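Please read through the structure below; I'll follow up with questions.
Labels run A, B and C following the written order; every chain starts at residue 1.
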Amino acid sequence: MPATQERATKSPVDDSLFAPLNNKSAEHDAIVRPSVGYWKDAWQRLLKNKLAVSGLIIIVFLTIMAIIGPMLTPYTYSEQTLSNQNAGPSAEHWFGTDNLGRDMFTRTWYGARISLFIGFAAALIEFVIGVLYGGISGYKGGRVDNILMRIVDVLYGLPYLLVVILLMVIMGPGLFTIIVALTLTGWIGMARIVRGQVLQLKTNEYVLASKVLGASTSRIIRKHLLPNTMGPVIVSMTLTVPGAIFAEAFLSFLGLGVSAPVASWGSMANDALGVLNTGYWWRLFFPAFFISLTMLAFNVFGDGLRDALDPKMRR
Amino acid sequence: MLKYILKRFAWMVLTVWIIITLTFFLMHAIPGDPLDVADVGSSDAASANLAAYYNLDQPLAMQYVTYLKNVVTFDFGPSMTSRSRTVNDMIESGFPASLQLGLATLFFSVISGVVLGVFAALKHNKMIDYLTMILAVIGISIPNFIQSMLFINYIAVNVEFFPIARWGTYRHVILPAIALASGPMAIIARLTRSNMLEVLTQDYIKTAKAKGLSTMKIVVKHALRNALLPVVTIMGALTAAVLTGSFVVERIFAIPGIGQYFVNSISNRDYPMIMATTVIYSTILVVMMFIVDILYGLIDPRIKLHSKED
Amino acid sequence: MSETLLEINDLAVSFSTQGGEVQAVRGVSFAVAPGETVAIVGESGCGKSVTAQSIMRLVPEPPGRIKHGSIHLNGKDLAALSDKQMRSVRGKQIGMIFQDPMTSLNPTLTVGDQLTEGILTHENISKSEAEKKAVELLNLVGIANPQERLKLYPHQFSGGMRQRIMIAMALMCKPSLLIADEPTTALDVTIQAQIIDLFKEIQEKTGVAIIIITHDLGVVAQIADRINVMYAGEIVESGTVKEIFYKPQHPYTRGLLTSVPRLDGDRSQPLIPIAGTPPDLFSPPEGCAFTSRCKYAMEVCRAYDPAVTHLSDRHFTKCWLQDERAEKPF
């Protein structure tokens, strides 16, 4: 403890400065930080994440190629040139040909159509069913919630790929069957997320406050529940896409996917199984590379989205 | 605790029953006579005999009751493709390989996933963290059947140590187990990491630090236990992924497991076999989830109290 | 002047964030004598908790960093110790209690395990001896049937009981200093009073010195010997309880006192809140940090940092109103 000093008397400061300061009240309540909307803020944070942005760029590129890729060659996906089997990549066949002489480049991008279509369709259908089911369950609560959730519990116990396989056996292979089979169990995860969010949000003070102020049910759902649920839902949708793409490839690989001449990455990989260790590397490489690249892009983008939408990350 | 276990157990039995029933009626809803596929061109008398052999001449309800009875006594009847063998024979011959592969995969994915996740969390935003997460996202992104084929094409062919296919020694297990495990491992690593990061910011970690405990002790005793709780909950789903993944991996590596039979039974429309595998796999899965629930109750003391209050 | 247990000199702590450096603590100095209770009072974000955590070196590094200053405990500079050396101080010489007893205990370990693990780390004693010690301390903090309670988990106790357990835990190794970071904030008012009484009781029985961090002046009046009022990372006024409550010199201290109800005061007087919010510590203002919220602010306050003025042996304040050229408003 320093010894007692004299009261501070003269300090090297101009006497005139001891005039009262006119404190404006506006200064007190000045907003320290500019207000940035939730979505805009999230978008800005997403753009800072280089990995997520490259994921998005790859997704856009793959989508464009899926649309125009098959048109860039003079071949169709099923056109066989038996004189030109298992030809390596060349100026005529950029990705080579398969054992029936079909152009791998055309088939690869045709496969991209199938994969991306299934991915997006599954995500969209799961979104609709999941949000409705989970939303009703969470918002109604009580007995409705209890019954709906018991159903989900049972469905959740079913091994999902097994169900899909059973369905494929019963309904016969095809694009439509795959989508039905995938969404049959796929919406459960989404419904759980939505229900959890809604249950939690429902009890939040700001929802209560809004109720006390006389807001209608639809306003509460539109203004409070939906926007706050959308973050995790969008992230879940983004991560559903690679899951669905994997499932399609997996089924096609087992021979349960799209039927014969139609190209899919999974069936192309399956075709390559017969020519492993033969030096026809392009047979495996192109479908394998593009499945992996697509899944990678969606995973990375979904992760970035999750970080960007996490309210805890705001500062 | 006992009440909790009993409740979970009842739930498990219910789920298995639903699965068996669903599978049974789905299988019988398939248009067309399964015997057509199984045996083309046999006489009417012969197919009547066959129908009796497979109980197909009885009313559906009777068939269902018989089937339930048989399943309870673990008798799945004769196979439709290889008539002399029962489904039980085939399962018995395939089960050891599948079990070995499955256990090796689970073991490998859990251990390496947890270790990687913990290291990444402790070295948050450092090189190890980034490398682990890159590895994890790659592990998730490359499908197991692609990995299997790449392993055969580039590793097994060039490295003498790894056999290209078949089953038998521990060396046969390594490549298929890695191909199957890398996805689950990546998921576990990511989950462990994010949980660890979350747990490390908890107040009780601060309390532990304030007591003067070493970092090692804090991580192992206070953080890891809590961080692993969510990991335990996804074990059920991971088992499902490993089980279904084994269908393709067994096929690619020509491993004589149940997965092989299952895939063949699908293309051959061998209904007893399909039903048997579905029931067995679902049961394994549901039992796994039951174990997970119990484990969860053991690790987290709060669960116990909750069920007491119920 | 009596001997000092803890002496903090010109302590500065900052956090580097994406937005820049936050100067959470900006040159704090104070001392604690053995057996004394010192309070640190201030609004949220004034740096009082960071100060407390710096003493224990619990400020996460990075992003946090002790920029300069020293923290001497019994003449040893804690700021200069290695991590390993620091661990032997934590829990052993200094015990710490946190704000929220609901989250400060590990939910998956028994209370007995958590009570004894500190002493088992620091002292070479057997598990049963440690448990005996834990029972003793649970008795001290007023928990009945301590022997059976050791086997229970935190969720089986109420908030007040958990805070008692936290206190017992902090006292396991007979520390000479106890830091309590907002120990009553998360508790019900009736429980708060019990915990305050408990602090007084354990201080009488063990002679431990206490640093109590709080924003609740009621708590301070009951147990503190001396008070440090913090604002924007600095101590703006310091003195004995009497000096601070009856002769507050800093406008901020006065503001704090007029914003809480008093039983002994004139009850017809309205409570007056302090307008505005604390300054952004990314870029603290040039002069006195309180200027923009101060009723008595002068031009000089905005331009120059005020000097410390000592009003008595232990009472000092950091305000331009002490300058003889300033008009005395009170």
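Keep this in mind: contacts are C-beta pairs under 8 Å (C-beta built on N, C-alpha and C of every residue); 3 or more make two chains touch, one makes a residue touch a chain.
The structure presented is a predicted model; accordingly, all values stated were derived computationally and were not measured.
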Central chain (by mean CA position): A
Field: Two chains joined by the most C-beta pairs in contact, as defined above
entry: A-B
Message: Centroid of subunit A to centroid of subunit B, CA atoms only: how many Å?
response: 25
Query: How far is the middle of subunit B from the middle of subunit C, if each middle is the mean of its Cα atoms, in Å?
result: 53
Message: As a quick test, compute the distance in whole Å between the mean CA positions of subunit A and subunit C.
response: 46
Query: Residue numbers in subunit A touching 2 or more other chains?
result: none
- prompt: Hey, what residues on subunit B touch two or more of the other chains?
  reply: none
- prompt: Touching subunit C in the complex: which residues of subunit B?
  reply: 202-204, 206-214, 217, 221-222, 225-226, 299-302, 305
Field: Residues of subunit C touching subunit B in the complex
entry: 56, 58, 87-92, 95-96, 98-100, 103-109, 114, 117-118, 121-122, 153, 155-156, 166, 169-170
Subunit B partner contacts - residues on subunit A that touch it in the complex: 153-154, 157-162, 165-167, 169-170, 242, 246, 249-250, 253-256, 269, 272-273, 276-277, 281, 284, 288, 291-293, 295-296, 299-300, 303
Statement: In the complex, subunit B touches subunit A at residues 11, 14-15, 18-19, 22-23, 26-27, 29-30, 137-138, 140-143, 145-146, 149-150, 152-153, 157, 164, 240, 243-244, 247-248, 251-252, 263, 266-267, 269, 274, 278, 281-282, 285-286, 289
- prompt: Which residues of subunit C touch subunit A in the complex?
  reply: 1, 17-19, 31, 275-277, 280, 291-304, 307-314, 320, 322-327
